[in-house]
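Quick one: the structure is below, and I'll ask about it shortly.
The chains carry the letters A, B, C and D, assigned in the order they are written, with residues numbered from 1 in each.
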Amino acid sequence: MVDFVLGHYAYWFTIILLAIGLYGMLIKDNLVKKTIGLSIFQTGVILFFVSIASKWGATVPVKSDEFPVTEVANYMNPLPHTLMLTAIVVGVATLGVAFALLITIYNRYETLNEQELLEKIQ
Amino acid sequence: MELTFVPLYAVLVSLAAVPFILLSSGKPNLREFWTILAGVVKFLLVLTLIPAALEGRTIELTLFEIAPNLPIELRADPFGVYFAIVASGLWIFTSFYSIGYMRGHKEKKQTRYFASFAICLSSTIGIAFSGNLLTFLIFYEMLTIATYPLVIHSENKEAIRAGRKYLAYTLTAGLLLIAAVGITYSLTGTLSFQPGGIFGDVELSNTMAVSLFLLYLGGVGVKAGIMPIHSWLPSAMAAPTPVSALLHAVAVVKSGVFGIIRVVHYVFGPEVMGNFGLNDILMVIAGVTIIVASLLAFAQDNLKRRLAYSTVGHLSYIVLGAAMVTPLGLTGSIMHISAHATMKITLFFCAGAIMVNLHKKNISDLNGIATVMPWTMGAFVIGSMGLAGLPPINGFVSKWFLGAGVLEGDMMLPLIILIISGLLNVGYFFPIIHRAYFKKGGKELEGHTEASPFMVVPIVITATASVIFGLFPDLFFHFFELASGIAETVFNTL
Amino acid sequence: MYWEFELILFFFLLTTAIIALESDDLLVAVVMLTIFSFLNALLFTTMGAVDVGFTEAVVGAGVTGILLVVAIYQTTYKTVD
Amino acid sequence: MIGSDIPALIPITFLAFAVLIPLLGLWKRHLSYYWAVLGATIATGFSALGFYNYISGSETIRYFFGGWEPPVGIEFVYDGLSGFIVLVINTIALFVLIHSRLIGKREFPGKVTGYYSVAMLLMLGFNGMVLTGDLFNLYVFLEISSLASYALIGIGEKRAPYAAFRYLIIGTVGGSLYLLGVGFLYTVTGTLNIIDMAAMLPEVIGNSAIITALALMVAGIGIKAALFPLHGWLPDSYSYASSTSSALIAPIGTKVAAYVLLRVVLYLFGVDIIDSAIPITDIIGILAGIGILYGSVMAIAQSDLKRMLAYSSVSQIGYIIMGISLANPFGFIGAVLHVLNHALMKACLFLVSGNLRLKEGHTDITKFDDSYRKKYPWTMVAFTTAALSMVGLPPLAGFFSKWYLALGTIENSNWLLLSVILISSLLNAVYFFRILEKVYLRDPESTDEKTGIISSLTTNEVKPSMLWTTSIIAFGILAVGLLNAFIVSAIVTMFPAGL
């Protein structure tokens, strides 16, 4: 059990990060804080992908004479890395749209606090 | 003559009239011409089917598959033809009568009225000629929707409330029917009507059979006005009288009982009905409906509402005949479809004529009206006597066969119900006749004469027809021959 | 793989994330989020994902930070929670 | 041969126009509308051609981008199902875009170029989601379509940006959950290609990672598909967005998500794996059932037409998901048919609400009266058709999907869901007849008090481009109903293996 917990500690940190992100999105009233929570949440997912690609004793998937690797299994899996490049870009795009909406909301209601916003909407 | 497409034409002819009716909305005479023309053509088309039906032939027409293995199928078997004759024949009279009534009453939105009426008739004929349950279902729902504008025609609060009630009842019924049809399909793999039923080889559990039957009963029983799901019918009397007459004496409610007979004898079949005791369930429901509806009829002062409760009762005569599961009982039941139609439509026409002419709706106001409206009231007497089962009116003939069916099945209870309800019928019609003929009318009757000929002539014709078909059930349309032929095919397959 | 280093990074990561969410001043939150992203980039690199680390450093720490600062500049940096 | 390139051509068309429209917008801004319509037309043409090829017997097309075969490369799969869905969504989008010209001028005058460009991106995302054969690629397209829809919803009335922001937060969580699920599957199978993975999953049956992955993916897609209880974002987004945006997103967006769910549940995992550990189809079925009833009841409580339609969407999406959860042939037919039917009906209803909003400036049901029928006779005919179809009256389209779903529940002896279908039809009847009654029967308040005569009303129908699109879709509802045997016989060829 201890081995399981320790051996997968990256998973646990991922889960904690996801939880923090969710907390930010659900509990915080400020819309910017919600966005920050969103960003943390997405980072958690990216971290998860990167950690599933990493192995003990393996090296970066770069062919180089300085890191002689005899077996292919000693390289890390590069595929999740490439996927995460896309995911990071998607995340930034999401944040961009979010900020555009935030600015519009602020211009219309002069507040970014959800409670005040709901009162003003009514 | 090639008859294959006649059922299709018969269904479509009034539908085809709808655009013409809508387009000529500014010219009432032209508009009504289209209605009458469609009615006559439809009736003639149906008449051409009689010889084949008498031979027991069935004309089948498979149009196209609306779902895999489930075609839109029109089938003019004798029973369908029988119902189609009644519905399309009476449509012509109703059209004439409607013209008199709507103009006499200066109703608005007459175009919508006539258009909906035409769609209703298409759906009714479609129901009559449906070859399978899915086709039946489609026309059944079409009828529901097409009747709605007629029920709410006057657009006052009462009518709108009646319309809502009508929709609530009939749409629920349609859904139950969908469920029932779906279950039937998954059990048997077919939905075609067959004399003697389609459950022949299927093993049914008791619960399944009973719940399926109750679903069907809920589905078609609402339109047939069986208790306790009848209460939309009296409310729907808020509609103009021709609507009550045709739809609540002929088309809608008769499609309900038509559906019940189809379900009992063409889907379940006598054997399955007997095996699971389904006929007993149906018989008890019908018996209770007859008695309770007759008693409730006493309590109504509004003439149309009294007629409505009388309709509820008489529909259950037909259901009772179907529930007996005997050849004579079924014959009587089918005969009562046409008999009740002619008599009840006469009575509704009379009620409408009185309303348009004298603006009287309540029975207590009818004192002495026979002096100003002799023809109308004479017809009323014939109709009510027929409903009570007195010879020589056609109501007597059908009741006779119902009684014979009871004896054939060796059942006592239905016989008692028939006798009691006959007396109750006399009981609730007699006061009306008594007031009309033997009490002195008030001053407001002075200066009034008979209603417009558009209304009186149909009244007299339908009343005469009741008498003629009472004396000669086989005249013109061979009602008796058809009915007994249908009963034979259903029970021969046992 | 230096798992001790990784573990320390993880704890800093969590700390910065929580501070970013809890600070009263949104500018502080933004700075913390930028640090969070930078730590992330380091973490990815130690995990062998060099390319993801670079991208995160540029996009996560750089572009996101700038976007947030611009957004806050356009709106308000005050918050009650 | 053009036929084999169709899977790529459809999304590329949208991508090209998404780039072209802003560029050409610099030159002449008002032409953006025509470019968007042109793009949608071309894409619809490709979809129709592809589906025609499929019907006339051609095989499933597996298109490998750049010639790289999976698992290395990304593939697009054009089989019967994806071809069908692509055809449906592109056709609907085409009609909605044609319809949008005047609404665009009225509701977002300065943003036309951006709007149509984003609309093209939205369609790119949706088409990509449907066509792709790669789980991660699906995520990318999901995010493209989501980002586009946040932007489109944000362009709307005053409250729209906040609704869009909430949708953004919830939607991104959904996308992330989906991605997490994909990660779990990747650790187990080592591939992201749907077909490869489907072949490998039976070997690793019983692995707890698979169950986790399934739960995460269903939750993530469920958010996008507005599966109860994850539907919270939908009503606000649909009702505050611009008429055109809701007409574009409502019929297509949730449908595509439901399609993805269908792919994942029935094609990727297959029924056996899914139910091996936890009865997840039952859970989805129950959630769908609750969603159907909840959506219908909430729809009854609304007084704004668009909001009512939004809740009705929650309910209708439940039908599709219920069909998936039944996991039998009838359920599958019902679900796929309902994707088509509901897309048509919702498009029609939202276009009608767009017509009314343009003419009357509101869609408040309590203000509807008899005058609407006189002013907009044909719009109201279209509305009536769609409404009756929603209620499920034969022979309109809506009846048949309900019919197959009902047969599916009967086949599973699932009487609970059968009664849900029946009850919800009644509830649909309640909220649609309430409107029909007002439109056809209620005396207008503009009655002249002195004379008692209704102030003279003449037909004031919307412009032809709007009227015809609405009417054609309404006619489509009837046509699909009557011709559904052909469609169903095509759907039958799309059954996933094992059904």
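General observations
The rule is short, and it goes like this: contacts are C-beta pairs under 8 Å (C-beta built on N, C-alpha and C of every residue); 3 or more make two chains touch, one makes a residue touch a chain.
Here the structure is a predicted model, which is why all the values come from computation and not from measurement.
Following the contact convention of this document, A is the list of chains adjacent to both chain C and chain D. Between the Cα centres of chain B and chain D there is a gap of 44 Å.
Chain B and chain C, compared by their mean Cα positions, are separated by 78 Å.
Mean C-alpha positions place chain A and chain B at a centre distance of 70 Å. Per-chain Cα centroids separate chain A from chain C by 10 Å.
Not a single residue in chain B touches at least two other chains. With chains as nodes and touching pairs as edges, the resulting graph is an open line.
Chain pairs that touch one another are A-C, A-D, B-D. If you check the complex, the residues on chain A that touch chain C are 9-10, 13, 16-17, 20-21, 23-24, 28-30, 32-33, 35-37, 39-40, 43, 46-47, 50-51, 53-54, 56-62, 76, 80-82, 84-85, 88-89, 91-92, 95-96, 99, 102-103, 106, 111-113. Contact residues of chain D toward chain B in the complex are 388, 391-395, 399-400, 402-404, 406-407, 410-411, 418, 422, 425-426, 429, 433, 437, 441, 482, 484-485, 488-489, 492.
For chain A in complex with chain D, the touching residues are 22, 25, 31, 34-35, 38, 41-42, 44-45, 48-49, 52, 79-80, 83, 86-87, 90, 93-94, 97-98, 100-102, 104-105, 108-109, 117, 121. Considering their complex, residues 64-68, 70, 137-138, 141-142, 144-145, 152, 155, 160, 163-164, 167-168, 171-172, 174-176, 178-179, 182-183, 185-186 of chain B touch chain D.
If you check the complex, the residues on chain D that touch chain A are 136, 139-140, 143, 146-147, 150-151, 154, 158-159, 161-162, 164-165, 168-169, 172-173, 176, 179-180, 183, 186-187, 192.
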